[in-house]
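So, here's a batch of structures to check.
Here chain A shows up in two complexes: once beside chain B, once beside chain C.
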Partner chain A sequence: MSDSKYITLVSYDGFEYVVLREAALVSETIKAMLKGPFREAQTGRCEFGEIRGPVLEKVVEYFHYYHANRDQTDVPDMDIPVDICLELLMAADFLGLDSKPQMRDLS
Partner chain B sequence: MGDRSRQSRAAGRRIMGPQSALTDFLASHNISANQIRLDAEARRRAAAQDNSESRPSDQQLLAESTINPTEPEADDSTVVSTGRSTRGRSAAQAAAAAEERKKAKEKKAIDKIKASKKFQKRKRGDGDSDDEDLARALFEERAKPLPGQMENCAICNKRFTVTAYSRNAPDGGLVCNPCGKELAKDDPVIKKKPKRAIGGAVGARRQVQSRILDGTYQVGGKSLMSLCIETLAKNIDLAEDLGDLPGPIVDKIARNLSKHRLLNPTTLSLFLQPSSHEVLVYDGAKLGSDDFYRIFHSVPGLKKLKVRNAIHFKDEVVDFLTTRNIALEDLYLHGSNLISQGKWIEYLQKKGQPLKSLRVYWTDKHFTDNVLAVIPASCPNLACLKVCHNQAVTGKGLEHIAKITTLRHLSLDLREAVHPDVYVKLLTSIGSQLETLSLTRVPELDNTVLDAIRTHCRSLKKLRITDSEIMTDAGFARLFAPEWLNPGLVFLDLQKCRQLESTKPRENPDGIGLCDEGFKALMAHSGKTLQHLNVHGCRHISSQAFEEAFSADNKYENMQKMEISFCEEATDFVVGSIFRSCPGLRELNVFGCMKVKDVRVPRGKILVGVPNARGMVIEGEDD
Partner chain C sequence: MADEQVLPTLPKTPFNGLGSKRAWAQANAPPPPSVSTSSDPAVFSSDDDPALEAYENTRRHKRRYVGTWYDQHLALSSDSAMGDHSSSPAVGSSPVVYRPFRRGKGGVRPQKREFRKLDSGVYMGGQDSTDTEGDIPSPYTPKYFASPALLRVSPRSRPQISEAETIARERIKECVENGNPMVELNDLGLDSVSAETIAPIADIEPIPVVLPGMYFRKTDPDIQVFLYNNNLKEFPLSLVNIEPLTVLTLRNNDLTEIPTCIGKLRNLKTLNLAQNKLKYLPSEILRLMGDEGKLEMLQTVSNPWWMAEKLSFQSVMEHAGPNPLIRTPVEFLDSNGRIYSRFRLPLSDDDLAESTSSLELEVEHPSELEMPKEVSYTEQDAKRLLNPKGARSLFEYALKTLTKLPEPELAEVDCWLEVDEGYPHGLRETLNLAADAHRSGGLTCSVCRRGMVVPLTRWVEFHRTSGATKLDRELLVPFLKIGCSWRCVPEVVVSGGEDCLPKSE
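Right, the complex of A and B next:
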C-alpha cells in the first residue's frame, strides 16, 4: 500500500490534482477506495470517470477548506460558483460528502 | 400606493444603454443628435409662443421628444418635421396632432415592451400586478431622460442637467436640484434605513446561534452538499431542471427552498419527476388548486404525497384525485381546511384500500368523528394515523379508531377533552401492537391510562404523554416497573406532566406529575435504549434522583438528545453527570435551570439554555 502523504485525483478530462491524503479522507468514497483491496490503494491514484476538471478542482478546494477548518467553530462558508453548482452537487453525492462529515480514524 | 411603487421601481432601474452605431457615426462627424433636437425644440417653442397662449406645456412637448431616449436619432427626424410644420398651422391643431402622435407612439412602445423578454421576466417576478400597469411602468422608466441630458424642471420650469440623483416630481417629470431639496424637506418618509449587520462579528455569532437552535450546528465547515444546496436555493430561478439528481438530494433542495418560502408554481415543476413515487411539498402556501392538479398529471405513479400549508387542497382537488388512477399509500395534509367532511368520507371510501398512512394536521371543523367512522371499514391497510390540532374529533371518534386493528402508529392532538376511560378502551382493543403512541396536550388523563399502557402495550417504541395534570409519580413508577413486558423505549416525551398549584408551588404532597420514583424507574427500564428523552417542566424531579440515574456506573450509550428544561433541581453536577453517562449525547437543553451556572461541556456537545452572560448556548470546548 502506498503510504505517501499525498494522493492524486484525476478527472475524466485528464486534470490531475495532488491532495493531502488526510484531507481527502473526508470523502467516504475516497476513503473506501484507499482502504480497500483496490488498485487505488496501491497507487494512491483515484480516477473519476464522471467528474469534470473544474468540478474536481472545486472539490479539492473543499477538501482543503474543510481540513483547514476542522477544529474551528465559526467557519465562513465556502463560495460555490453558481454555474457548476448542480454538477458539484452530483459530485458531492458521489463522493459521500453528505452532511455531518466526521473526522474519525485517519490512520 | 401603486404610483409610489412604480416610481421607486423606475428610479431603481435608470440604466444607461449603449450608444447606437448611428449616434456614434454622427458624433465622429461632429454632429450631435442631442444638439439637433435641442435646436428643434427651441424653434418649436418659439413658434408656439408666437402663435398662442394656450399652447401645450413644455413638458408635454419634451416628453414627446424623449419618448425613446435610447434611440434619439430615430426620433429626431420626426421632431424636426414637427417643429417645421407647427410654424404654419395653428398651435391648437399642432398640439392635438402631436398629442395623437404621441399616444400612438406610446401605444406602440408599450406593445413592444409587452412582447419583450424583460417584461415577461418582470411579470413572473411580480406575480399579481396588472399587465398594463407593469408595461407602463417599464415604458416610463425608459422615457425618462438619461443622466447628462438637459431637462426642464417640473416645478420651476428652469433648465437643468439631469443627474443620477435628480428627483421625481410628485406628478411626473424630474425636478432640478434646488426644487429637489425643497421636496426632500417636505417628504416625511425617511429614506435611509439603518444598516443591517451582515457577516462581521455580530452577524456571524447570530448565525451560529441560530444554527445551534436549529440543531444543524457542528464543529468545522459545512458539508459540501449543504453548501451546494444553499447556493442552489439562492439561485433557484436560474435552474430549469434538476437533472437526474437522486431522490434524497431533491428532497433536501425542496426543504431548503421551503425554508426560504421560495416554493411557488414555477419552482414546483423542478420537483415533479414523472418516474417518481413521491412528492413532498414542505410549503404549499403559494400553490393553487391548478398546481395540485399538475402534481397528479405529471406524477402518475404517485404513492406518497405530503403537502404542508395545503390551503388550496380543496374539494375539487380531492374530487380530481378520487377520479384519477392514483392509489396513494401515504397522505399527509397540513392546513387543508377547504376539504369538507363529505369529501373526506368519499375519498376514504373510494381510495382507502391502499392507504397505509394518513396524517392530517391543523383542520378546524371538517375532519370529524364521522370521517373516522368510515376508516375501519374502508382502510384495511392503515398502519399510521395522526390527527393533530383538530377541533372536531371527540371521544366518539376515538371509539372508531379503536376498531382499526391494523394500526401501529397513533398520534392524537385533539382540542376536545376526552375522558380517560375512552383512552383505556382504545388501548385495550389496539394497544398490544402499537409502536407509537403520542397523546399531546391531555390535561385530563390519569393513572388509569398509564395502567392500561402497562397492561396492554407490548411493542411500544415511542411514547408521548404531555401536559397531564392528574397522573402521579406512583402511576409512572408502576408503568416503568420491571414487570412491564414492553422492551425499552426509544423515544419518550413526558413534558409538562407536573402539578399545577399556584398557591403552594413548591409542595407536592400527592406526588402529582413525574417525580423521583417515576424518573428512576423509567431510566432503569428504558435508559439503555432511549435516544430521545424529554422531561421538560417536570419540576419535582430532585437532584438526588438525577444523580442516582446518571451515576458513574450508569452508561446510556444510545442517548442523543435530552431536554431537562425547567427541572429546577438540575445543577452543574447533574449536567456534568449527564454528559459523563451519555457519551453519545449531542444536545442537552437546560432552559430555566437556574442552578446550572458554570458547567464544563465536552467537545462537540451542545448545551442550550444556560442563563449566563455568554448567551443561551455553550458549545463544547473542553476535551
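Right, the complex of A and C next:
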C-alpha cells in the first residue's frame, strides 16, 4: 500500500499529473480506486482510459481549486474552456464530481 | 505529352497587375531605410508630435494570400485600384466555408480596426504602413465537436414574418416616428413576435411639450406596450430590453410561462397577465413589487394558477398566527435534476401541458421544513450541497460553460447527445433545462441571490396581489422560488431549519 502524500493520474494519451492525495479524494471514484484491493491502491497510480490530457489537467486544476476553497464562502467560479466542456462534463460524471447524494439502500 | 492541360492565361507581370505606381516603386526600390541608414532622419518642427511614432515602426506587413495565384490576381487588381485599405476577401481567411451565423450577439461581425493614417506631407520612401492586416474578418469557427454527422444539422431557418407581425411592425414604426409612447399591438392575432419587431420600441422618444415661458426639459420616455387579445404562446423575451417600459398588457394570450428575466424591467408599474394559461410566476416579479421595482398593479385573474390545498391551508391559517407565509414544502434536487424529497412540484412537461384547471398543492406549516429522508451524503457532497456560497461541483461548472454556447452550437451538442448513447443518463434533459433557463434570463437563487445553472431546491410561495385585503385561498398567486444549495430554503419561523438536516456520514 502506497502511503505517499501524492498520487499520479495518467491520461490515456500518456500525460501524468502528480496530485496531492487529499485533494484527489474529492472524487469518489478515485477514492474507491485507492481504497480497494486494486493495483492503484498499491502503486498510487491511477490510469484513466477515457480522459484526454487537457481534460485531466482541468480536472486536476479543479481538485486543487476545490481543496483550496473547500471551507470558504464567496468562492469565485472556475472558468472552463468551451472546447473541452462536454468532455469535462463526462469526466466529472465518471469521477463523481457532481453533487449527487446517494439514496440510502433500504434493504 | 499529347493531351497537355490548358493552363489559365498568365497574368501580365504582377507589378503591372497591381496597377499602382507605389507598388511598382515598392518592388523595385531597395529595402526601406531603417532609422540608422545613410541619410539623416527627417527633421520636423516639433519632435513631440505623436504622429512621429508612426514612422518609427519599421516592421513591414506582408500580404498573405490563400488559394490559387490566378484567383488572387483578380481580387488583387480590383482591390489595389480602390486603395490600399480596402479589404480583399481572400486575405488571411482559410478556405474553409463557415456556416453563416446571424442570430444573437455572436453574429456581429468584428468592427474594422481603425488605423492611424497620419500624413506629414514628407515622402519617406514609400513604405506601405497601412496594410490590410486589421481587416481580416475573423470567421466564426465552430471548433467543438466537429463531427460529420453534426454538420448536417442545418441552422434554424429564418422565420417568415406573418401578416399580423407586419402590421405590428408598421404600428411600431409609426410610434417611433411620432414619438408616441403608447404602442398598441392589440387584437392583431399575433402568435409570436420576433426580436427584430420589438427592438425599435426602445428607440421611442416622446416629443416634449414646449410652452412659452417654460424651461425645456427632457422627459423620460414612459413607454406602454399593449399586446392584449393576441395568441402569444411565449413571452416576447426582447421586451425586457426596453428599460423605460412602464405598462405592459398581455391580457388574453396563451402564455404558459413568464421568464425570469422580467426582473430586468425595473420601471414597470403595471403588468396585466390576466386570461392566460399561467400556472405560476417567477419570484422576480415579487422583487419588482418590493424594493427593487416599481410594480404597483399586477392583474392575474383568469389563469389556471396552482392553488393551495384546502385542508392544509386551513390548518396553517388556524395555527400559524395572523399573517402566515403560505408555502409548499421544499423540493430537493441534485445537479442532475433528480428529486430527493417526498414533495414534488408538478413542473415536468407532461404536468404543465396536461391540466388546464387549477392544481392543488400541499401547504407546509411555516415552522416546519421537511428534509429528504433516506439520503446519505458523503462529506464532499454535504459540502457542495449545503454550502450556499462554496465551491460548486465540476459538473456544474462544465454545464454552465455549455449553456453559454451560442444557439446553433447548442443545437449541435443536443443532437450529439441524442445520437450517442455513451452519455450519462439524463444529461440531455439537464442540459436542455439549463439552456432554457439561460435563454430566458438565467436563474438567480431566491435566497442568496447567487446566479446558478440548475436549482437544487424549489418551492412555491403564495402571495396576495394588489387588491386582495386578506388571505383568500382563491385569490393567492403562486410564485416559484428556487435555491442554489440545500440550505437555500425558506426561512423557518419558529425553530432553526438547519438542525434538522441529516448528518453527513
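The working rule: the second predicted complex is superposed on the first by the 99 of 107 C-alpha atoms of A that agree within 3 Å, B and C clash if a C-alpha of one lies under 4 Å from a C-alpha of the other, contacts with A are read in each partner's own complex, and residues count from 1 in each chain.
The rule is short, and it goes like this: a contact is a pair of C-beta atoms (placed from the backbone, for glycine too) under 8 Å apart; a residue touches a chain by one contact, two chains touch by 3 or more.
Bear in mind the structure is a predicted one, so any value in this text is a computation, not a measurement.
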item	value
Of chain B and chain C, the chain that contacts the larger number of chain A residues	C
Chain B versus chain C as contact partner of A:42, first or second or both or neither	neither
Touching partner for A:4 - first (chain B), second (chain C), both, neither	neither
First, second, both or neither for A:28, with chain B first and chain C second	second
Those residues of chain A which chain B touches in one complex and chain C touches in the other	59, 62, 65-66, 69-75, 77-78, 80, 82, 85-86, 88-90, 92-93, 95, 97-101, 103
Footprint of chain A on chain B - complex, ascending	199, 204-205, 208, 216, 218-232, 235, 238-239, 242-243, 245-246, 249, 619
Chain A-touching residues of chain C, taken from the complex the two chains share	143-145, 334-336, 338, 340, 374-378, 380-381, 383-385, 387-402, 404-405, 413, 416, 423-424, 427, 456
Chain B-touching residues of chain A, taken from the complex the two chains share	59, 62, 65-66, 69-78, 80, 82, 85-86, 88-90, 92-93, 95, 97-101, 103
Chain A - residues contacting chain C, complex	26, 28, 59, 62, 65-66, 69-75, 77-83, 85-86, 88-93, 95, 97-104, 106
